[in-house]
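Both of the next two complexes hold chain A, though its partner changes from chain B to chain C.
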Partner chain A sequence: MLELKDVKKSYLKGSKALDGVNLSIGPGEIVGLFGENGAGKTTLMKCILGLLRYQGEITLDGDPITPKNIARLSFATCEHSYFPALTAGAHRDFYQEHFPNFRTKRFSALMDFFQLPRNKAIRSFSTGQKNQFEVILALSQGADYILMDEPFAGNDIFNREDFYKVLLGILEPEETILLSTHLLEEVQHFIGRAVLIHQGKVAGDITTLELEEQGRGLMDFVKETYQYKADRVSRALGELTDRE
Partner chain B sequence: MKRWLSVLTPAARLSVWKVLLLSALAAGVQVLLFLTIPLDTQYDTHRVTFSLEEVVHQGNLSLAFSVGFVLVCAVLVLPGMERGAKTGYTLRRLAADERVVVLLWGGVNALLLFIFWGIQAAAALALSRYYLQIMPTEYINQQTLLMAFSRSPYLHALLPTWDWGVTIRNLLGCAVLGLSAAALPFHWRHGRKAWSTFPLVILAAFTFPIGMDGSDGYGVQLIILSMTGVLTVFGVWRWHEDEE
Partner chain C sequence: MRNKWESLSRLFPMGWPWQNEIMLTAAALGLSALTAMGLFLSRLTPALNALYERTYQDELVLVPGRLVPPYPQIFGNALLGFGLTALCLILLPIGHFLWHRWGARSDYLMRRLPRRQELAKRCITGSALLLVITVLMGLVMFGLLFLWYQAATPAGHLPPDVWARTGG
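Showing the complex of A and B:
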């Protein structure tokens, strides 16, 4: 169980990125993390991974996250965290050495599925291939909790669809995914739970089963939570047109 | 142990062949410069023969060394820089302490600088041997080589032999610059701007030629290098967390 208790994060400039986040994510869950730009999604993930200092408590099965248990978390980010000059094969060797539970078979299968070259430096990959490789590393690390921050930015729709299907097919019951993305409609059938972040706080937390029972879609839930005003565009356009 | 060594793989794969190439290039330029200098000249009715140290001085061989040295240091800094990917995210998720990784990279860098120094010294010895072979026997004796490596500040710095002070300065220089080249990208990865490596490299590269009497600020160089070394280690050990 990954637990966050009253997690707060302020940057030196004074802005509050996280303002008392409480969240529990159990084994086997596939959680979508949604929110507007600057809501605090990336900061939340970085705090979980220990990449940023924070106030509050983040524990993994009751223990704080330290170098001893950090291998239980993996991270795929749109910023990319691989070594650009190394080949895929060199990454495999490196990860095998540092992550005892590295899933070599899964790594090979995913490399084959996406037809990524093993002997070319990653920096020579296309943007889509780089994203694929970043996610392959995160999925193959052997982590219990896989954190993904906008991993498919730059990939085409077919590519993303393929990935969702592959992901659902390969995940083992105890593997947990925390996926931050703006592609709500695309992932709504893939996730089991949606967490909405707004201004550094958890603004909504609901399972897709609950949504189904209520007869609501994920987008409806998000719009309600954010009190989205559907007529704001037409009103804005109207005002603009009047002015002109 | 294997795990620690594998941490060095990303940096080693990027820097070793580049350092060897630059070492060979710097040595090659020195050979070219040496060959362009006439070994004797006609002055009125006299034929004046240049000593080995005069040829080395007139050929500006130390300049080729200095430029090569600066380029090697640049090559050593580059692997740790986050170009095209946030490799720091991966480095900070390893069980190996990132600070120890930086110190290990510093050790590899020091070794590579030591190799650069060795190749330049070997080139200087080869050129000296060539000089002894082509010069008429009346202009050379058993002391020629010894005298040249004592009188020429550049040759003396390359092969200080019994001058332990200069040997210590060179070894300390390799160690401190190697460490500094590893620490600079470490600080940058953590969002801190550290610039001290740049003036240190320039200073080290262009004050490398040093006379036997140590009049070229040998003591000052030792003090600067020692203080920089201590401050670099302290900086890495103390400031290992993000500051934002």
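Showing the complex of A and C:
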């Protein structure tokens, strides 16, 4: 169980990126993390991984996250965290050395599925291939909790669809995904739970089963939570064009 | 031997052209040694020439009582090249760290490794090792040039205190 208790993060300018986040994510869950740009999604993930300092408590099965258990978390980020000058093969060797549970078979299978070259430096890959490789590394690390921060930015729709299907096919029951994305409608059939972040706080937390029971879609839930005003575009356009 | 050479890559950032760093440092050290000899000779040669006087018969004779300046004065800034090389090597870990932010954020990966010191190790160790070699080579050069200074100076023309900072 990944637990966040009253997690706060402020930046130097005084802006609150996270303002008392409480969240529990159990094993095997596939959680979508949604929110507007600047809501705090990336900050939340970086705090979990220890890449940013924070106030509050983040634990993994009751223990603080330290070098002893950090290998249980993996991270795929749209900023990319691979070594651009290295080949895929060199990455595999590096991961095998540092992560004892590295899934070599899964790595090979995913490399083959996405037809990624093994002997070319990653910097020579296309944007889509780079994203795929970033996610392949996160999925192959052998982590229990896989954090993904907008991993498909720049991938085409077919590519993303393939990935969702592959993900659902390969994930083992105890593997947990925390996926931050703006592609709400695309992932709504893939995730089991949606967490909405707004201005550094958890503004909504609901399972897709609950949504189904209520007869609502994920987009409806998000719009309601954010109190989205459907007429704001037409009003703005009206003001801009001086129309009544 | 090849494996030992390849194992050096563990002292540098992943994907960093570490062979080039070693080669460039070796070249810098070679150039520093040549510079040290050049600077040293540019001071020693006139000092040795000053020990002699030309007679009416056009012969060069040693003038009794004339002494070469003490070694530190002759040596001067001969280690300038080594100093510059060392300075570059001291600053290089910054470049090593920034390498992890070039083209991607591999520092994120390095910072979440179970071996937490891996990032620091790879940023610092290689340069530190080369820095130690640079310092040692500088000291060896200092010693070799001292031997040269002693051997090249005619007997009886060394100052009483060869390590004095001034005089002669």
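Basically, the second predicted complex is superposed on the first by the 242 of 244 C-alpha atoms of A that agree within 3 Å, B and C clash if a C-alpha of one lies under 4 Å from a C-alpha of the other, contacts with A are read in each partner's own complex, and residues count from 1 in each chain.
Just so it is clear, contacts are C-beta pairs under 8 Å (C-beta built on N, C-alpha and C of every residue); 3 or more make two chains touch, one makes a residue touch a chain.
Just so it is clear, the structure is predicted and the values come from calculations on it, not from any experiment.
> Clash or fit: chain B against chain C, after overlaying the two structures on chain A?
After superposition on chain A, which the two structures share, chain B runs into chain C.
> Is A:Asp93 touching anything from chain B or chain C once the two structures are fitted on A? First, second, both or neither.
first
> Would you sort A:Phe75 into first (chain B), second (chain C), both or neither based on which partner it touches?
Both chain B and chain C are touched by A:Phe75.
> Between chain B (first) and chain C (second), which, if any, makes contact with A:Pro84: first, second, both or neither?
In the superposition, A:Pro84 touches chain B and chain C alike.
> Going by the touch definition up top, name the partner, chain B or chain C, that contacts more of chain A.
Looking at chain A, the partner in contact with more of its residues is B.
> When the two structures are overlaid on chain A, which partner does A:Leu12 contact: first (chain B), second (chain C), both, or neither?
Only chain B; A:Leu12 stays clear of chain C.
> With the two structures laid over each other on chain A, which partner does A:Gln55 touch: chain B (first), chain C (second), both, or neither?
neither
> Check each of 60-68, 114-122 or 150-158 in chain C against chain B and return the one that clashes.
The answer is stretch 114-122.
> State which residues of chain A lie in both footprints, the one left by chain B and the one left by chain C.
49-51, 67-68, 70-71, 73, 75, 77, 79-86, 90, 94, 98, 122-123
> Given the complex with chain B, which residues does chain A contribute to the contact?
11-12, 49-53, 67-68, 70-71, 73-75, 77, 79-86, 90, 93-94, 97-98, 122-123
> Inside the complex, what are the residues of chain A that reach chain C?
Those in contact with chain C are residues 49-51, 67-68, 70-71, 73, 75, 77, 79-86, 90, 94, 98-99, 122-123.
> Using the touch definition up top, name the residues of chain C that touch chain A in the complex.
On the chain C side, the touching residues are 14-16, 102-106, 108-109, 111-116, 118.
> If you look only at chain B, which of its residues touch chain A in the complex?
My answer: residues 2-3, 6-7, 9-10, 13-14, 79, 83-87, 89-90, 92-97, 241-244.
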